[in-house]
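What follows is a set of structures to go through.
Two complexes are shown next, each including subunit A; its partner changes from subunit B in the first to subunit C in the second.
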Partner chain A sequence: MNASILSAADRRRPWLLLAPSLITLFVLMILPIGIMTIFSFYEFVTAGVEKEVFTTQNWRDFLTDPFYHMFLWKTIRVSAITAILCALLGYPAAYCIAMTTYRHKWVLLLLLIVPFWISFTIRTFSWIHILGEQGAINVTLLKLGLISEPLPMLYTEGAVIMGMIHFLLPYMILNVYVAIEGIDRNLISAARTLGCTAGQAFYEVVLPLSLPGLMAGLLLCFVLAAGSYVTPQILGSTRDALFGNIIFDTIMGELNWPMGSTLSLVLLILLGAVAAVYSRYMGLSRVFKGLGG
Partner chain B sequence: MKLTTTKRLERLTERYMNGGLDRRAFLGLAAAAGATAGLSMRWMPQALAAATEVRFDGWGGVVQEAIDKYAFQPYTAKTGNKVTQGTFGDESEIITKVKTATPGEFQIIHSSGVEYYKRYVDGGFNSEINEANIPNMKFVMQSMIDPFLKITPKLSAVPYDYGTTGIAYNTTVISEAEAKEKGAALLFDPKYKGKIGGYGDMTTRVWYAALATGQNPNDIKDIDAVWAKVRENRDLVKKYWSSGAELMDLLAKGEIVVTDAWSGRVAALQQQGSPIGYLDPAGSYAWMEDMLILKGSPMAECEELVNFMLDPATAIAVAEGQNYPPSLDPNKVKLTEKIAKLPAFDPTGTMASLTFADPNYWASNLDAWTKQWDRISKGG
Partner chain C sequence: MTAAAAVDLRNVTLAYGEFVAVKDVSLSIRKGEFVTLLGPSGCGKTTILRSIAGLVQPTGGEIDVAGRRIDNIPIHKRNIGLVFQNYALFPHKTIFDNIAFGLKYRDVEKSQISAKVTRALEMVRLPGVEKKLPSEMSGGQQQRIALARAIVIEPDVLLLDEPLSALDANLREEMRTELKIIQREVGITTIFVTHDQDEALAMSDRIVVMNKGLIEQVGTPEEVYRRPESRFVASFLGQSNLLPGRVTGVAEGLATVRLDKGHDLVAAAPASLKNDAAVTAIVRAQKVVLGPPDRGGPKGRIISTSYLGGSAAYFVDMGGITLQSIATIDDRVWREGEDVSITIAPADVLLLDEGGHRLK
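And then the complex of A and B:
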């Protein structure tokens, strides 16, 4: 339709419809990021006190201090491990749910979202009673005589990754499930008819066609894990902190808002870059499709 | 406390100007108070009093439960004034909230002593208390008031209780004799590697590392030696706890067998029957807590509440409940036997036997040491 024949009201309508979302985005996202950016150029005076003068000292501190680089790298590493483990664990589950002929498939999908009914913090705390020295695993193994002293599982990097997998796995399964569910079953039948074994049909047809969903799941898990703060705080020792914890300590412990803002922006830029790379090759619409179930 | 109409209007205006009251509420209450000048009805004082609400933020857990049960609930029953409560696990957390809030949103803080008092003052969050409105301050130990007066000649806080951060140990693993012999060195004993805990707070870590290196925590000469000791402790620690509830949980579940610990929380564990011993080694870290009234608060109402909390009957009941001795001077108020047996209790009222952090010394090193501790705690 030619834009020139649209009335002024027609041209305004999309903006009016978009206005609530745009205002919300501006107030809840753009504005805070803008404020953080301004703070990142303020001078830290003492705990809780900053001077409103322009300085690049906070950015220089970040760029020259290996402490921050180490934790940024560690966050990338732990998030990547978490995302990959989520993929390895989540793909078979998603495949089973998508391919099952079970009449009440909705029950399986419902089970996926049941954990979301319980507070994330409470679910994370529950791991203390599972992994702790007097937790379910150690007590069982001790009673069975399989170990003579409790295994050190809690307050380790492994516990942090476990906690994050527990939180992120449903996101991975949902993304992969949506991708597999969208595959035309006739393609699998055709592959089998043309002589493929079940395994070959999976590797030649199902896996390539579900890759966008898998990649969307990997992106989501990586981004959410990298921004995680609560799980390392509860299940890890201080050495198992991630970049989010460094930001928290800088803002809440040292009361150094300028540096905290700088570090927050660094994480934002990093995760934005990952999302941009994904978007360049896969398109972000996949992520939203997966999130929408 | 009976208020005249003029006084009531003055206070309403003050609250409104301080941002503690919105315009509609202010106009409504001002109209009601003004009307009493010509028309006084029996229901009006109650209606005006019902509008009063004070916000309190504390450490949560058994400590705040005791304050609520023995101070706030009786106060509300007596005056009709409500006390809204919030909690925090770390005082920096509440300072951050205060910094981002409008004046008057947060009103009374159960603050952790003089070092933090200085932080509030540096941030410009302190108020000026009218001591005439808190007559029960006459019962408070002068030795607890003086450190605050050194920072601000006009008080913004009233000392309320005190305690120590000593050594707690599991008596089924560590004998009393061993604990007494090793004292603070238990925190650095490789024998208990992976079973040691500690408060994840810079002051506590530096304090005990200073003691372990034979230095005076209020005059550290070799800070590098202290950081080396902090690292040594870090490599032995299973978990640095961040709240009293977490401390109690770690000790009760046997996840750790020795840690520095808040005396009152250990007393609570002992009362619950947990096999936990406690000792204050030489130079043990003593601290005092205060009821801090923030700038922008409804001062008269806050002062009235603090005065109620300092009433000997209330303060004693709270002290017994939270297991921390009250700020009441034992020479002026007869304290109970239970309080006399609490860890850190000073029967002289001089606090001479306890070692507190020098607020000026610690404040001057606060930023640099907090940053360094944050790094060391994370493996730096």
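And then the complex of A and C:
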């Protein structure tokens, strides 16, 4: 009945409003993925040349070559470590920002955003001056006589993880902050009057109610870490490459587009699966709530 | 004060930074008593409750509960039941776990916990909802659960912060009665906070009327309603006419008050009343009696009529002074523009001195 009152123009309006995003999504997401899917079934001839015939060779290569499995597993492991460390470091910070009685809370939140004003690549490069052989830490320790030769810190897996934490921590903090901020303070007061110490009230009320935010933060950090390739490129050695770097090498180094497409799709499917499992249990809307925060 | 007091506040002061929210409040509450803190929003009612519960720390004074000084011990060691305006049920816990929460932290045995929870739910007339989540309950039901959670720990005092204000009007009246019945059954000392005078008058053994962090008057509902001690209490409770004037004569227990526009009002004279004193006469709207214009006494004209069903509220112009009158409708409703006679019995006039305090 309502629909009949709407004029044709009214009914078209939502679609008109959606059109720009739908077109953008189609041109920049669906179309490239489609083209990549087609490429993944092409035959690789030699660098930069592929034959447009249908073959499952690329997929069979991926499924049988332990080289790819090793890097896929390594990517999952490094991303998981990064996400968990972000949670451990980010949760207390988010808790403090949410709970402070400091009147200018926005300043604290602004401080979280400030790093985004500097180019991500520059921020990553800055670690070289901290961790490198001539970096701040080694020079200081050498001067103090605590070590006799520079510690190998740069171009290690640790350096890669640290660089990723550096760029992912604000996402974790914002997600957890939004969750804690949304908790009714009276719940904590209620727990306290019912006999909880401050610590017990945290465990009974704040922690369980902020868990969705924490989980959203973990997912986000994991996905972004697993998809990253600049950080391992700058801060890691060749051994510390992640799956993104393998894709880069395959496409830009070997000019093997069919295999590169196949590997890209593998990563897409993996991260998509993780997000799907998560949204099944937690609801993706929480992730977006965190992103918007 | 006395050893029998269940709750004793002595000169409690609480400041948030510069702002003093509660000023030198002293109050003694008997065991089993139902006391209401009544006052406009922002007058410090919640602050008093929160300082008894320990959620805020008074800047001065002492608080005793059940004969034990508690203002210097941590929240979780005070045995106090607090019900919040928004109920504050734990959304992630079942009704059972919500009610059992306080018992768990009191090291009550498992078997006893479930018996006590069952009993508490029966008491609030919601048996069998143990497995539900708070979000599956209506506002009124959540209210009862919050009450059950607070009383199941057998607190020394039950603190209720505007517990009915989030309910719709019908439910509010019902819960009012029910809350009072439960309170009687348990015999628990209760401090109830509200800004709703009807609630306060209907439920309380005693009412504490507050304004701007100060206690204005403490008394039974009848006392505060019929014998307001101050201008604030008189104007906050019920509809009153506040008429400034000057005493022109005192004789035989009656005082004549010359009102601003030259009318004379006869009032029962308090002992301390002096001739020529500036006073404010207080007359409840219900005590301004309207009659046919030929009845004698001062005359007036109806400015407006609000028909309220069983009664009607009028604004009457009495030669430049606007009076409020509320009358039950026995014979007729006076219409706008009609002339009436106005009768005010001397016993129904209270006199306040210049400082706004009732003369005695």
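One rule holds for everything that comes next: the second predicted complex is superposed on the first by the 286 of 293 C-alpha atoms of A that agree within 3 Å, B and C clash if a C-alpha of one lies under 4 Å from a C-alpha of the other, contacts with A are read in each partner's own complex, and residues count from 1 in each chain.
In this section, a residue touches a chain if its C-beta (ideal position, glycine included) is under 8 Å from a C-beta of that chain, and two chains touch if they have at least 3 such contacts.
Note that this is a predicted model, so its numbers are computed, not measured.
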| item | value |
| --- | --- |
| Fit-or-clash call for subunit B and subunit C when the two complexes are aligned on subunit A | fit |
| Of subunit B and subunit C, the chain that contacts the larger number of subunit A residues | B |
| First, second, both or neither for A:Y102, with subunit B first and subunit C second | neither |
| Partner chain in contact with A:V205 - subunit B first, subunit C second, else both or neither | second |
| Partner chain in contact with A:D184 - subunit B first, subunit C second, else both or neither | second |
| Partner chain(s) touched by A:V49 [first = subunit B, second = subunit C, both, neither] | first |
| First, second, both or neither for A:Q134, with subunit B first and subunit C second | first |
| Contacts of A:C196 with subunit B and subunit C, given as first, second, both or neither | second |
| Spatial angle subunit C-subunit A-subunit B, Cα centroids [nearest 10 degrees] | 150 |
| Contacts of A:S237 with subunit B and subunit C, given as first, second, both or neither | first |
| Nearest Cα pair across subunit B and subunit C, whole Å | 48 |
| Common ground on subunit A, meaning residues reached by subunit C in one complex and by subunit B in the other | none |
| Contact footprint of subunit B on subunit A as seen in their complex | 46-49, 67, 71, 132-134, 152, 154-155, 237-239, 241, 245-246, 249-256 |
| Contacting residues of subunit B [partner subunit A, same complex] | 90, 92-93, 95-96, 99, 119, 122-123, 194, 200, 234, 237-240, 253-255, 366-367, 370-371, 374-375, 377-380 |
| Subunit A-facing residues of subunit C, complex | 50, 53-55, 74-76, 78, 80-82, 84, 86, 88, 90-92, 101-102, 104-106, 149, 153 |
| Subunit C partner contacts - residues on subunit A that touch it in the complex | 184, 186-187, 189-197, 200, 204-205, 208-209 |
